[in-house]
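What follows is a structure written as structure tokens; I'll ask about it next.
Letters are used for the chains, namely A, B, C and D, taken in the order the chains are written, and counting of residues starts over at 1 for each.
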């Protein structure tokens, strides 16, 4: 079984098509299951009442946003180092879903902040770092959008992603440091209520659902990018012939 | 050969003094806007002074990035710089050093004048200058990556700021943290040493990333 | 929901809007490029598209 | 010895040329011809190492130019479409900077002599932006006189030059070829050189 032939976009296209339902359907199932566990099985928290149920989507989306950035940078670096177009396309496909998850975690984070701290935006270390991560995503997406030549866009994006990955820990550390500097004891966003098993179960189920969702959406967008790139190449060849 | 790059860029900057000065005037004007916006009472101004001066330094040094590669790209000298027998890493370092000498250092030396406007005392002014002297090279180094990536793109200036500002945040935090610490009398070795660490890290990584970005943009 | 209904349902509504929106945008993008592909291949030989390629 | 094997180039999504092969021994000249947009400039930039080939390989003295890195540039002189001059600097300053960057120190009078040879006598001290396009092109060409690079890559060098400048450039190239140098030039101008050292490559 020669795996190498799937490295070329045109061969990977049908394979991706077959894989999508295998990820999309389980993702929907897990979502429903996770929500059911989160809302009916998990008890009401004595401290925060039912407001804490927001963390079932807030925490997984924050993790997804973070991990997809690292995955994007990995694919971009591979695409640049080995001149593998498919891998660079993968990075571009991941970037939008990653940005979506980061934005989602910010929205749910602030909606959760209101009942627990009384304000929509808390300059907490994790929320602020997630905001900066969103800026890094926006930088990557807008850089790739403003370059017409695809191979330059891929490689320029790769450089930015690698520089971004080196900076992410520094940014997280500096925000953490800044947070302790100005607020003394940092109020932990999670509030660390006793995590009852069903709560943790709900969160992990939804995390798995987000994972499957991301793979499905990224594969669809990847096929879309392959089609659009091959189309322009075909037109160009056609026009020149 | 490294000397030639720096000499060349310094003479060029000297010949087009106007837009070098405009970066400094921008810094001056932006900082002076804040008291007009917030009100003249000094204890409030003293509180916000580190942040204001540092954000203005950030924006001013980002404006000066436009000059780093853009006109060399237009007149074809950038290609020649890529074809010199010395490593591109050194060429980039030379250009960034020249840019820093022309925009970063005067910025830092001018900052005490603004500090006084904000009611900062002698010792803090000294810390302000030191933190800016340590910080502005990092701004130039990281900014050079963005300048190389957005070479020749439409909407370059705006795109450059979207790429580079998030990467500037650690420098902003450590820099203004140092000045803030000296105002409140807390130990400022922590933030200055962190700033120094970021400087060393960007001195090592940034030129490599910039030369890779230059090769990509000039394909 | 103990008085927090607005925030809990609000955040799940946001989840629906963002994740659902992403899928809808993606599917519409695919439909759009399929139409373009059909319009080019329908005209045999000569390449005619609704927007000129540079 | 400059060798290219099965070179291919893809710009954006268009394949400009493929399977280009040539071998240039000392004292030979390759003239690259073809309509606009056929990839002449891309081929020349590929030879300089500015553009990575999509397929194939270029070897200088039997070593791949990408593995040679900066060493390769000591033996290369490239003049592209754009002159590579700074508008604010005078020809003398431009020349001295160019030579300084390649490691050879050029004094003020040496620069003046070279500029005199290129036909810029008396205009050495004017900022380049005042000079005409032809004069700026001559200043760019002056770089060829001062560098000792055996490989010259010239892109449309003869455009916007008057007849005396064209004669000067062709004599320069002939002298370079006789001394055992290699030249790759993209132009429609015919050079009168001995047949065995004259190769043509048509990218139509």
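Simple rule for what comes next: a residue touches a chain if its C-beta (ideal position, glycine included) is under 8 Å from a C-beta of that chain, and two chains touch if they have at least 3 such contacts.
Note that the structure is predicted; figures quoted are calculated from it, not measured.
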{"item": "Chains contacting each of chain C and chain D, listed by label", "value": "A"}
{"item": "Innermost chain by mean C-alpha position", "value": "B"}
{"item": "Farthest chain relative to chain A (centres taken as mean CA coordinates)", "value": "D"}
{"item": "Centroid distance [mean C-alpha coordinates] between chain C and chain B, Å", "value": "41"}
{"item": "CA centroid of chain A to CA centroid of chain B, Å", "value": "31"}
{"item": "Centre distance in Å when chain A and chain C are each reduced to the mean of their C-alpha atoms", "value": "18"}
{"item": "Interchain centroid distance [CA atoms averaged], chain A/chain D, Å", "value": "48"}
{"item": "Multi-chain contact sites of chain B, meaning residues that touch two or more partners", "value": "219"}
{"item": "Per-residue overlap in chain A, given as positions that touch at least 2 other chains", "value": "148-149, 151, 232, 236"}
{"item": "Residues of chain C touching at least two other chains", "value": "none"}
{"item": "Interchain contacts (touch definition) - all pairs", "value": "A-B, A-C, A-D, B-D"}
{"item": "Residue ranges of chain D touching chain A (in the complex, touch as defined)", "value": "10-15"}
{"item": "Touching residues on chain A, where the partner in the complex is chain B", "value": "132, 135-136, 138-139, 142-143, 146-147, 149, 151-152, 155-156, 159-160, 162-164, 166-167, 170-171, 173-175, 177-178, 181"}
{"item": "Residue ranges of chain A in contact with chain C within the complex", "value": "35, 44, 49-51, 53-54, 57-58, 61, 96-97, 100, 103-104, 107-108, 111-112, 114-115, 148, 213, 217, 220-221, 223-224, 227-228, 231-232, 235-236, 238-239"}
{"item": "Touch list for chain A against partner chain D, complex", "value": "148-151, 229, 232-233, 236-237, 240"}
{"item": "Residues of chain D touching chain B in the complex", "value": "48-52, 69-71, 73-74, 76, 78, 80-89, 93, 97-98, 100-103"}
